[in-house]
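Below you'll find the structure I mean.
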Amino acid sequence: MREITYRDALKEAMQEEMRRDPSVFTMGEDIAVYGGVYSVTKGLLEEFGDERVLDTPISEAVIAGAGTGAAAVGTRPVIEIMYVDFMTFCMDQIVNQAAKMRYMFGGKIKVPLVVRTQGGAGTYCAAQHSESLEAWFTHVPGLKVVMPATPYDAKGLLKSSIRDDNPVIFIEHNLLYNQKGPVPEEEYLVPLGLADIKREGEDITIITYSSMVSVSLAAAEELATAGIRAEVIDLRTLYPLDIETILQSVRKTGRVVICEPDCKTGGVGGEIVSQITEYAFDYLDAPPIRVAGRDTPIPYSPALESIAVPDKNELTKAVYRLFGRKVES
Amino acid sequence: MKPRHLWIDLFQQMLLIRRVEEKIRELYTQDRIKGMLHLCIGQEAVAVGAMSALRENDYLVSTHRGHGHFIAKGADLGKMMAELFGRRTGYCKGKGGSMHIADIDLYHLGANGIVGEGLPIAAGAALAIKNILHTDQVVMCFFGDGALNIGAFHEALNLAGLWKLPVVFICENNSYAISMHVNRACAVEDIAKRAESYDMPGVTADGMDVLEVNEQVDLAVKRAREGQGPSLVVCQTYRFLGHGRNPDCSTYRTKEEEQQWKQRCPIEVFRDRLIQKNILTQNDVETIEADIVRSIDEAVDFAEASPYPAAEDLEVDIYA
Amino acid sequence: MREITYRDALKEAMQEEMRRDPSVFTMGEDIAVYGGVYSVTKGLLEEFGDERVLDTPISEAVIAGAGTGAAAVGTRPVIEIMYVDFMTFCMDQIVNQAAKMRYMFGGKIKVPLVVRTQGGAGTYCAAQHSESLEAWFTHVPGLKVVMPATPYDAKGLLKSSIRDDNPVIFIEHNLLYNQKGPVPEEEYLVPLGLADIKREGEDITIITYSSMVSVSLAAAEELATAGIRAEVIDLRTLYPLDIETILQSVRKTGRVVICEPDCKTGGVGGEIVSQITEYAFDYLDAPPIRVAGRDTPIPYSPALESIAVPDKNELTKAVYRLFGRKVES
Amino acid sequence: MKPRHLWIDLFQQMLLIRRVEEKIRELYTQDRIKGMLHLCIGQEAVAVGAMSALRENDYLVSTHRGHGHFIAKGADLGKMMAELFGRRTGYCKGKGGSMHIADIDLYHLGANGIVGEGLPIAAGAALAIKNILHTDQVVMCFFGDGALNIGAFHEALNLAGLWKLPVVFICENNSYAISMHVNRACAVEDIAKRAESYDMPGVTADGMDVLEVNEQVDLAVKRAREGQGPSLVVCQTYRFLGHGRNPDCSTYRTKEEEQQWKQRCPIEVFRDRLIQKNILTQNDVETIEADIVRSIDEAVDFAEASPYPAAEDLEVDIYA
């Protein structure tokens, strides 16, 4: 199969959906003429014109609010918020309007809005351009939350998100744009709400998503050489959570590590641990643990940033510890 | 200006709104209606004057003080009352209540509990109309003077002005945001002038005069429909009662001020004008009143006879 | 001891701290002339004048941003955001500015900002005036999060929050303002970061906060008649979390229920369950469970709102179930 | 206008900023400095002209394009470079980097990675000064043309205008926000006129002329200090390089436009003027250059010789 980048996979998803459905349009900062600061939307202006590909002023609140209004009257806006950090400017539009509109209106309206954004640490951009805020959105009934880790998933999930009749927070990761992976030429969708077992294993379940998937796979590889067969579950969609796939794996392995890029306290891992404890307590051979970002703003200094977020070593050590093996700290 | 034979209709609508609001007040005073409510008594001319410039399929974006807008958009009183009563037969199946009442079939995009949040939504609806749907619909967006200083006002008006969106922004300036006088909140007195920052016309209308409101808004709607972009219409009006359920306004406004405005009651003044001009007789007025009372009573009966949502409804309609 | 309302306790805290420290001032919507929509600040304007008690326009972003700026130059602003739902308008100012400033600036600045706000369901105010968003703020390093349940704690915690050199999100509950409770005449403080055991018990630990404290105490009372001795821990401060007090109790009881007012998924309970599992797994006789709000926007209809958030029955049933007792659902 | 003997100082500062920025560019091209960076080459006259209207204890609120502001506020080059290098000896112990560099001892409230977020902070500092601290300090707040259409601009200017706060808002209008031309983003062309919406004076200055900037800003600072409230000063300028590290501007602006602006280089034009007026000789210029180069080299040496923060530093200074 051909290999393309995560960036190009996303672009293809946009192109295909915009060709397929004239009610899909996109707006955001620097997405048209410039093609997006991460070049995901490059070429869309040329193909679809300036009625459907719009450069907006720096006005995150109205981008999101207008997206909501446009969705409410029957179109399918895909808005881009340049960094997930800037979602702080449109929380009301997303949380109090887009997410709740259908419910408040008694189910008589649909809000098919996609918020494309990206985030995460690892690019030396310091505290205001490195956040992982996904946990906030999983706490908002009415939203779906998607975080793809591979080009294949990025494309299939974005297409599904655009076709979904609900507001979807679609969070890309800036470290992944240049990653290549197999993506079929033929059209396909990846359904929302379905996790993907990226590696099978019998001894321990590593639950992860986004940038931490490759970290987890690398750790699993190393663990294998130490005789520990790790199963790696890529959540792909954080809400709704595919708890079935998780529980099936946990019932098999009895041991769980969540490997997450966001800061630990109040992060998505807590929810997952709780659900596992609630539904599979008797299958657990050890306490589920979280290998997560530190409870700190992301520091600029490369010397500090690199230890603010989990890496392979931290993850393997945590697993060894869970199996009662000695590790030099 | 509206042809004279339609004036009766304007009068009728204003009176209907007034009587519905009075009934709602009675009902919540008796605790038969719960929750947060904002009556538009005193402001009927704005709702009716503005909305009568619209076509049926023009969109409306309303506010927390939205009963008048909703009625003027053609709401069924029974379903509206049922919503306020929290019943399953209400417009939102009881889930929205006064602050979130909406009906997409009426092209009504909802009251809104959040100050200023209608403006971006309206801009977005207008954008969809202009760029994607390619219809000649117009979006009308109400907001109070309290929304003048929130960021969304600025962002939405800028976008609308920049992209020449078919939207009419109507500021219902009743001088107060809860207790805050507009002059204590807004750095400038002439609100309509703010439109200049967004490359759109800004006008001020006497919000107690339904015909003047209609005339000004009509121009703005025409502009929007013809592709000339948005306008800002500031309607000077007054809420006769308290902000919400609390009737006490004494900490922030005087009885004299209230009296002066009440003397300009948009309904009474217009009624006298209609009678004076022989468009309406006292007898007509009484017939209209009687019809209204009857329709309101029916609506309340319908609402109160309606069932509450069932427990199973709680987690329904969160997702499509 | 005299009994005063939660409202008056808060007001006394404001008065005492404003008298004590001239750098304390307060601003917000309708807080001066009107005295606050919940009357907490009534009388402050008269006592402290309009330089220190300011009515603001409806501009949540600049209220919070200006609070941050004022705190950064050495004053102690207490800002009021009328509903926690409206914190959606100032997330950037709170999260990207106030919370991170000290860290980003290398520790050379203090941001002694208090954000007083209130929220919660139960007043028939529907989806945009009934939120419980505390979980979001516990996920933001740099913030402290306080949620008092009693007049005593409200006063002591607000005073401590004002003296604290960090941004504190202080979330009151609208159902509590009229509640009375003992409050000493003499000055006292309640330190941040310390939970309070509101009732001792040996059989199960109920961890709770804010409006759910009285629900939990009522449940404990009923459980006692059924022979189950519940310990009720009022967290008071959600961040930093007093995990020590929690673990001590859990080691004793072996059973835990979190009773929380926010919606379950992504709520504060998940974090607590995770920490308990991580640090006290071997002491657990049963899976920790959460009795939480439903994953739904808060509906208007009184018939629905009342079942969207936990009540005594739901809590006691959950406890009975945990003890393997039959309950009619 | 500044007395002539201070002109040399203005020149020196602008040149210093230019050379520092050039050095930083060299360093990041060599990947010795990491992360997101925004150089102010071309805009030096705004920073220097504006800041020289301030007293030492006046506050400064800066932006993502803030190196020039920071230097003009009196930054120690070594500690500044160390910060960009992510070292422990930097102004923020390496935790802030270019976008968050700050020093409260210099009355510098920080660069900011978020567009427009300086404005509310500046309003708040000014409020504290006016209402609580009762000093005659002034707050100067820079922002780019990109911030003109974000809600915080509106809310902050309204509050400052309403309460007559001692703050000067300086818009560095370099025509672009990344790729977005200001006329494609802002519904009106005359930005300074927006000040009218906030009851404050708004003026436009040639941002390539350090003396003109200084003159206009000086008036604004005086107004603020004398209790007459805020002003908006729009400085027309240009960034000569790319927005951030990416040098390519070809998708959104022409080489001709760039050339035209570069011919108006604020430093070269001013240097020629000084030489022509015999305030400075070519020799002086060379001495100044040499001093600058030396100080920059020292700063870089200091920075690169400094240690990185230690792992233990990661979770330090989150809370006071």
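Some notes on this structure:
By written order: A, B, C and D. Residues from 1 in each chain.
The definition used in the following text is that a residue touches a chain if its C-beta (ideal position, glycine included) is under 8 Å from a C-beta of that chain, and two chains touch if they have at least 3 such contacts.
Not measured: the values here are computed from a predicted model.
Contact with subunit B and subunit C alike is made by A, D.
Within the list A-B, A-D or C-D, B-C finds its counterpart interface, over half of the contact pairs alike by residue number, in A-D.
Look at the CA centroids: the one farthest from the centroid of subunit A belongs to B. Mean C-alpha positions place subunit B and subunit D at a centre distance of 46 Å.
One inter-chain figure worth recording: subunit C and subunit D are separated by 41 Å, centre to centre, where each centre is the mean of the chain's CA atoms. Centre-to-centre, using mean CA coordinates, subunit A is 36 Å away from subunit D.
Annotation for subunit D: residues touching 2 or more other chains are 92, 94-96, 100, 112-114, 149-152, 155, 158-159, 162, 184-186, 318. Within subunit A, contacts with two or more other chains are made by residues 56-57, 59, 61, 85-86, 89, 92, 96, 103-104, 126-128, 141-142, 295-297, 299-300.
Judged by the touch criterion defined above, the protein chains are all mutually in contact, each touching every other. Residues 34-36, 86-87, 92, 94-100, 112-116, 146-151, 177-180, 184-186, 251-252, 308-311, 313-315, 318 of subunit D are the ones touching subunit A in the complex. Residues 59, 61, 90-96, 100, 102-105, 109-110, 112-114, 117, 119-129, 131-133, 151-152, 155-156, 158-159, 162, 316-320 of subunit D touch subunit C in their complex.
The part of subunit B that touches subunit D in the complex is made up of residues 149-155, 157-159, 161-162, 184-188, 193-194, 196-200.
Contact residues of subunit A toward subunit B in the complex are 22-23, 25, 51-52, 54, 56-57, 59, 61-62, 64-75, 77, 92-93, 96-97, 101-112, 141-142, 144, 165-166. Contact residues of subunit C toward subunit A in the complex are 85-89, 91-92, 95-96, 99-100, 103-104, 126-128, 133, 135-136, 138-142, 239, 241, 262-263, 265-271, 273-274, 277-278, 281, 284, 286-290, 295-297, 299-300.
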